[in-house]
């Protein structure tokens, strides 16, 4: 199994999932008893915010997925199924986003459950990434192996990422909006972060580095 | 017709089908008379289980499709249409999954019909695979031909796979849940199976084997 | 503009359109007043037949598109927009299929209008193909030019294809089912046709021919 | 990060978005109280016109995106996120198209708001293009740098494109139909325009030019 078809399939899933996000934005058609379009769009603000955050989260996952996969030398069945595990949660993002969009403004327990679901999907996705990363550290699967002292640095970042989602899930039980802000900050952080997380360490040997030398 | 576009089109279909699976999970929005979100999610358990199983089934089909296609040397119109036959059933998986998700908890005859439909879609998919495999055995279509004594071994595996779906369909008439468990076990089997089924035999010559030698 | 990205985009559109076809098959969930699942599936027969025909029609268009595009040497903006015209009608196929599925069994004028729409979409698609073919005949756009006496042969086949859709549209005004059968026969014809239509003539120089010689 | 996966992901998004456009065309099924199919199709004319315009707009964006991306030598994280910004608005096109289709015939303030939304989505998309173009002008990101005097020419075209959308948004406040016509004219202009806009200037060195010389 060569890497290119793994990438093509994953890119397809990312592209469909990111495009399906906008299906949640649909407004009701004109008709007696329906609110004005402007009022509908305004009361839809959680849907637009959720669209924005989920769009960039999927975009970030796509970028990081690409960097991580490029560092991998041999694609075997274990990797394929870990990749499927990652995609399992990516495919759930439009569903979790739609649920947040509908329930965030409702407040109360429902809003908290929606945000816990949203955080849980990202936690699962993060676990999939961690699984792929751990796998590639073993058995000569990378183009150039990371020095052992950097493994823990990389893991710390991974565990750190996953921990933020755990925090967001716990916070959701008390304040759905605060939990939403935490996940939005993760998206903003990754957009402006210039030192790519662990995958990029792994990638640099055969990435820009190999071209530069 | 070169193989790469056959793969690109098939990968596109797999990616869209696997992502559409999550559309079935949608919950009703908040409103008077609607149940709490947590209650909705709990009563949706068949939808989540069906999502999980169908997701990995499509993932497994994708992996096996890739292995089988790689063993093929010449892509002709007969192969293209057998591949379309396989995809015809892959595209039906989200529909069959949605039907199972809605009717499994309803029980009675409806649940059995839903499961028979679900098993039937996998049986059709399995027949598509068998057709492609039989075709590639003839007329010098493989990179390296399988020895004749291995044909039957390979076929036994294929027929075996299809037989499990036949069993699942028959069992569905008596117990929808038991039928569901059988198909779930097929998914689990394929995830952990390390000796890839027939396609991989066919693939080994130019796959890992050619790299190893 | 190189050919590969034209193919990648077109394959993406084909893959999404063919997968969306199955969305029309969805049955109503269980509930008071809803018919049994088996009755729903049986009364849905036009949806299943329409799915089958449209699936193979898109599959055939994909195969022929591939053969035609491979014969093209230079991709310019005119070709890109003719290709978009072809895709414009491909994207309409799931919509036209859903309309036929809903209205064929209703009979009367509505069924005829649905079938005329269905035939019209294929007629438009066919015009897109004819446009691409005519364009490639001019200005040294093919890898090897067709001899002039074969242009008319190729055109006759194209016009012939389009004429069948015109017949199907006219017949739809009298009998929707007869019109449906005509389009089904076109699909069956193309599946079993072994001498590919004009595109394949154009393709043979650098296709199988170049490998064989 | 190599360019090919950026293209593959973007092409996937374009392909899904352009295919989802047709979902808006769905008609109501037959039933008591439902209008005849022919009447439904006729009263749906804004949906068909909106489909046509949005289809070609996405097609044009795809063509121009391809030309622009081909002129880029180095793909870095800044470019990836500018590309995501562009795609963020592309993914919104089916939603904006559906809103226009539903509200254009309604007239009044709602129609104006729908058209302002439609124009706004294209303005955002245009800003994403401008961002990518400005980025590629700096830091040796192009295969061959544009002479400085051509920068302003290119920018004028870009700003000009964006200005048309601003005009369409302002006009929408007075006449939704007039605003619709303006955006339709942009689509027609780009289909027949033979001198590709700035991206093509940037592209020509390694595009047609390099083949011609």
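Worth a mention:
By letter and in written order, the chains are A, B, C and D; residue numbering begins at 1 in each of them.
The criterion applied here is as follows: a contact is a pair of C-beta atoms (placed from the backbone, for glycine too) under 8 Å apart; a residue touches a chain by one contact, two chains touch by 3 or more.
Note that the structure is a prediction, hence the values are computed from the model and not measured.
Two copies of one sequence, chain A and chain B, touch each other mainly through non-matching residues, since under half of the numbers at the interface are common to both.
Chain B maps onto chain C through a rotation of 90°, based on Cα atoms and reported in steps of 5. Centroid analysis (C-alpha atoms only) places A farthest from chain C.
Between the CA-based centres of chain A and chain B the separation comes to 26 Å, rounded to the whole angstrom.
Note: centroid distance chain B to chain D, computed from Cα atoms, is 37 Å. The multi-chain contact residues of chain B, meaning those touching 2 or more other chains, are 8, 11-12, 15-16, 20.
Taken in their complex, chain B has these residues touching chain A: 7-8, 11-12, 14-16, 18-23, 25-27, 29-30, 36-38, 41, 52, 55-56, 59, 62-63, 66-67, 70, 191, 194, 196, 207. By the touch criterion given at the top, residues 1, 5, 8-9, 11-13, 15-17, 20, 77, 80-81, 84, 87-88, 91-92, 94-95, 98-99, 102-103, 106, 109-110, 113-114, 117 of chain D touch chain A in their complex.
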